[in-house]
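What follows is a pair of complexes built around chain A, which joins chain B in one and chain C in the other.
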Partner chain A sequence: MRSPAAPHESRAAWIFAGPALALIALFFVLPLLAGFVLSLTDFDVYAIGSPGVARFVGLGNYLKTLESRDFWNALRNTLYFVVVGAPISLLVSLGAAMLLSARLVRFKSVFRTIYFAPVVTTIVAVAVVWRYLYHPHYGLLNYLLGLVGLGPVDWLGDPHWAMPAIILLSVWKNFGYNMLIFVAGLQSIPDELYEAAEVDGAGPWSRFRHVTLPGLAPTFLFVGVTVMIGYFQLFVEPYVMTQGGPLRSTTSVVLLMYEQGFRWWRMGAASAIAFILLAITLAGTLVQMRLQRARR
Partner chain B sequence: MSVAGSRARPIRSVALHAALFVGAIGTLTPLLWMVGASLMKAGEANQLPPRLFPKDPTLEQYVALFTRLDLARHFFNSVIITVAATMLSILINAMAGYAFGKLHFRGRDRIFGTLLGALVVPAQVGMLPLFLLLREMGLVNTYMGALVPYLASVLGIFLVRQYVMSVPDELIHAARVDGAGEFRIFWTLILPVIRPILATLATFVFLSAWNDFMWPLIILSDSAKYTLPVALANLAGEHVQDVELMMAGSVLTILPVMIVFLVFQRAYVRGIMAGGVKG
Partner chain C sequence: MRCTAPFARGAGAFAALFGLACAFAAGCGNAPAGARVSIRLWAMGREGEVVQELLRGFEAENPGIQVRVQQIPWSAAHEKLLTAHVGRASPDLAQLGNTWIAEFSALQALEPLGPWIERSSTIDSSSFFSGIWDTNVIEGTVYGVPWYVDTRVLFYRSDLLERAGYDSIPAGWGVWRDAMKAVKAGAGPGDFVFFLPVNEWTHVVIFGLQAGSRLLRDDDTRGDFSGPEFRRAFAFYIDLFRDGLAPPVANTEISNLYQEFARGYFSMYISGPWNLGEFARRLPPEMQSAWATAPLPGPDEDGRRVSVAGGSSLVLFRSSRHKDEAWRVIEYLSRPEQQIAFYRLCGDLPAREEAWQDSALAADPKMGTFGEQLERVVSTPKIPEWEQIAIRVQECAEQAVRGAVEPDSALAALDRDVDRILEKRRWLVEHGRAARGRP
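Here is the complex of A and B:
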């Protein structure tokens, strides 16, 4: 059906797509390739002024990174954030989406807007706000916990609680986004399936289990992958709220990369961390795609 | 069934609305507290029990933001970078999205597939060399350097492409038969038709450029050039005790994006649905 490209059309296409492709090539692809080369060198603060002094060190940065306790600590913290935070975030998103999609609910758009509001807020600003909500003495959260006889918790000062505090903030900030995607996914499930299940005598749980969940499978794959990629990039919350502390319990991989690269100007070492992060993200994406395919 | 159903219905309805209401309160409380505390006198937010609303609302914190802290400068920096990024990215991505959606050229689908694959690469991976590259180009500490990452976006191209594909080919063919050039077709035929998705794209870029932190933190080293979020993060470190002042700064940072979101909500939500359902 498709007609062969007329020469003038093809020329116009390249002119239209050209600026975007050139920008992506220059500011995304080139840095990606250069970053890999950089990760194989000992580029440091001295090389900033005269790049010629940087030497090729092969996989040295990778080996050093994989031997450093700081890296494993950062990776452990990041995995904690991803493995605990992402599923909680998804469950809250799905729960909110199901509530919003219930047929009896009125003022849907009002609730939807409210739930979505944190998504559009500036993460730096809400991190500043939550730092005060988490204040051990005057913070609203400890006050509310105190009303039911719990706490007080030194949220950001206790190495055991700092990461849960960051997870709570992230779930609050992010759940509205995937809630919308789940709402769209729920809408795409035909009503007849629910009606048929009801005729067969399926209760609410059984309908959820055998109609809703399978119907949402494609949504789960998309949301699972994007949330995981996003959560691996944890940076602003620890940067603003804890500076990676206490006792480096909230230092994430990206925060470590930032410190190495832009505080100590160890660009080679920082690039190696960046590429290890990329490898982990890609591996996580592949695993998710496999799992989801196997389940289907 | 019908009798039991009609009796269960009001109870279910009340339970659903109660759950939604509690969720809404929980979601809004941090933002309400932020606004309330920003209108308090210094020290008022540090008392027990915590107050959600000020005793006598005052704008003194906001006055201090603009007099003592010179946040107007950073607000202005953010506005320039965000508005320029939004306008440029609409133009660049609309053109590219049209080319990928409607024009035929060799390698089109392969290039597009490669672009989509790039979506899984975290932006931070290329940031160090990008900084070095912009340093060579003399763009460190410039507005131009700050808006580079937002100019061309794969997601933007994708959104426009999906939308433009629904424009009937006959429309474009007819224009060509009438002798319209490719640029005339784009400007006078395509752009007006795809305006809804451009609103979506504009909202996306505006929000992400305004809210972004890591890139402006890296590329803007001179504090006079800081965007609002970078300035706020900096101030929050120095003024830990000034709760009310920092809340006013947070309100100032969040308010513009909140307004843009509320005005363009439909366009924005459409974009999320399009990206989520088809992506």
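Here is the complex of A and C:
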């Protein structure tokens, strides 16, 4: 039985937590509330000039967003990116982590640095280089395809290929981060388990299936949720590579929100999109946690 | 609670985005005080580079004024100007694309220039192309002085046209189409005549303006795309594709425009002044005598042979504390000799008509086409929502070209979309909170 904290103790706790709480309130809670209020108005380019003309529209922005073709198109593109890109990203991260953890591999820290380098490189520099790689005539990618007799692909100009191109770039850019987390997860699995499995006659696949995967379950939950949230917020890659084109095939929800907010200055509509995306991401996260819990 | 961390991160990212919206609070201060007045000018792209050269003469004439030029890329210009306005960090003056003037005047970011022009001995609306000047006049108030101009004319293969029996581009839509058909008859299999990229809105809008449509009606508060004028233009446009004269492709599907033009895949193309240099440079030498430019034909031979008014203006910001000095920069850059120097440095066409008498411009007949067309330019609707509407026009035209929808229902859908975009403007006009549009 613990006695309730003495008054001076709780005061000390508030003093320690105070600065952080104040910052969170100022830079997180307040903008979030402001954004929500904004999403209930039609604050737009006219309202910036004279705020008096902003009107309260209730859920009007939400209804209009859900009615618009642009939103559903953006949501479809985003889901495409999440459903295809996130698993690939997970698998590549896991594969790289397994390779780096293999006993036979030498110069591990060198490879770890190389694989992690794209994560810390600025996306704009990356985009410049990748635009060359994707160039339909001079690009390395099409050159390699040509060597095996496949026709040139207009990576960023063809509506069917633009999203795969964005996915490829994103996976390459981001897998290093989750790789490190997987490496840490793999190190936390005791070697004795592998030895015991080997003694019991388990082959490499069985060891992976019955020792590695269960051992990584908590890591999987963390990485799965963060990757999904991150991938739902697809923005920078299409913004710098395609500006959402061709034929809006790479316009993601966040890019649509950015367009509404900072290109057309419909801050109300943009805020509504943000909150809809928040709801979708929240739902996705809950589903994922429920699945993980059921498996355990 | 393992989930809180990623959550906080996800929501934090939103907060960051919105923080942006809310954080435009404190703008940075104005020019530092000193003996010299320092004013800030923002200019875009190549213009931002060459204007620094032009302004050396200005600073020599005005030792008390220092002009600090900031060059901003076109792709970021719109956002940067808007964010600067909201953050109260606008420059003293800036180059502004003339289709953006309506938007920035709605934001009340721009200084009305009427009093300055009245007092000025060098700037007078009559010395500029009237269609271009008009783009700077929003609901009766002048907000910008044209700096350089831009419009669209027809680039065509004169050799192929001649082979088809025409020595020049006919002036009316009907005869022009006959000429296209004659060219098509002599063209190779799989070749077309007129390249109208389906991912651009300019052409269909130009045809609409030529047919006499104002594109919007009721004080620019509703779409007028189902009106008889625009429908006539739209039918002309769609038929070019249906008759096999124009290929239904986007310009992203054409890997090298100049090569295809030289090859004869198409022999007519509507484009702007920047392509004069490109055509001269990129077409093979033997092709140089085989192409020409012509003012755009109109619906009737003596009808409205108009094109769109483009280019950039110089504007003063309301928030500027050095408007007198900034206005002197505008006056300086508007001098005919500075306009010619500007043209020589970067090829931008002068906005002042007298500058066109300079030999550099007058000697070139292809350039002369632009001079002629500039006498007949009209502006697109001068409202902040226009760019959004233009994108809708392009999407609707592309659907009709690709046969996904019938032209009439495409236009009806377009009007519905446009009415939705203009809902706020309609409300403002009905409540008398936005000044009425055109007389």
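In this section, the second predicted complex is superposed on the first by the 276 of 296 C-alpha atoms of A that agree within 3 Å, B and C clash if a C-alpha of one lies under 4 Å from a C-alpha of the other, contacts with A are read in each partner's own complex, and residues count from 1 in each chain.
Here, contacts are C-beta pairs under 8 Å (C-beta built on N, C-alpha and C of every residue); 3 or more make two chains touch, one makes a residue touch a chain.
Computed from a predicted model, the values in this text were never measured in an experiment.
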Partner chain in contact with A:G157 - chain B first, chain C second, else both or neither: second
Chain B versus chain C as contact partner of A:F56, first or second or both or neither: neither
First (chain B), second (chain C), both or neither touched by A:H8: first
Which of chain B and chain C A:V45 touches, first, second, both or neither: second
Contacts of A:F222 with chain B and chain C, given as first, second, both or neither: both
Partner touching more residues of chain A, whether chain B or chain C: B
Touching partner for A:P136 - first (chain B), second (chain C), both, neither: second
First (chain B), second (chain C), both or neither touched by A:P246: second
Partner chain in contact with A:L32 - chain B first, chain C second, else both or neither: both
Which superposed partner A:F208 touches (first chain B, second chain C, both, neither): neither
Footprint overlap on chain A, where chain B in one structure and chain C in the other make contact: 27-28, 30-32, 34-35, 38, 137, 222, 225, 229, 233, 257, 261-262, 267, 271, 274, 277-278, 281, 285
Chain A contact footprint on chain C (complex, rising order): 2-3, 6-7, 9-15, 17-19, 21-22, 78-79, 82-83, 85-86, 103, 106-109, 199, 250, 252-253, 255, 384, 388, 424-425, 427-428, 433-434
Sites on chain A touched by chain C in the complex: 27-28, 30-32, 34-35, 38, 42, 44-46, 48-50, 53, 55, 136-137, 154, 157, 218, 221-222, 225-226, 229, 233, 245-247, 257, 261-265, 267, 271, 274, 277-278, 281, 285, 289
Residues on chain A engaged by chain B in the complex (per definition of touch): 2-6, 8-10, 12-14, 16-17, 19-21, 23-24, 26-32, 34-35, 38, 51, 96, 99-100, 102, 104-106, 111, 113-118, 120-126, 128-133, 137-140, 143, 172, 176-177, 180-181, 184-185, 188, 219, 222-223, 225, 229, 232-233, 235-236, 239-240, 254, 257-258, 261-262, 267, 270-271, 274-275, 277-278, 281-282, 285
In the complex, chain B residues that touch chain A: 9, 12-13, 16-17, 19-20, 23-24, 27-31, 33-34, 37, 45-50, 92-93, 95-96, 98-100, 103-106, 108, 111, 115, 118, 120-133, 148-149, 151-152, 154, 157, 182-183, 186, 207, 210-211, 213-214, 218, 228-230, 232-233, 236, 243, 246-247, 249-251, 253-254, 257-258, 260-262, 265, 268-269, 272-273, 276-277, 279
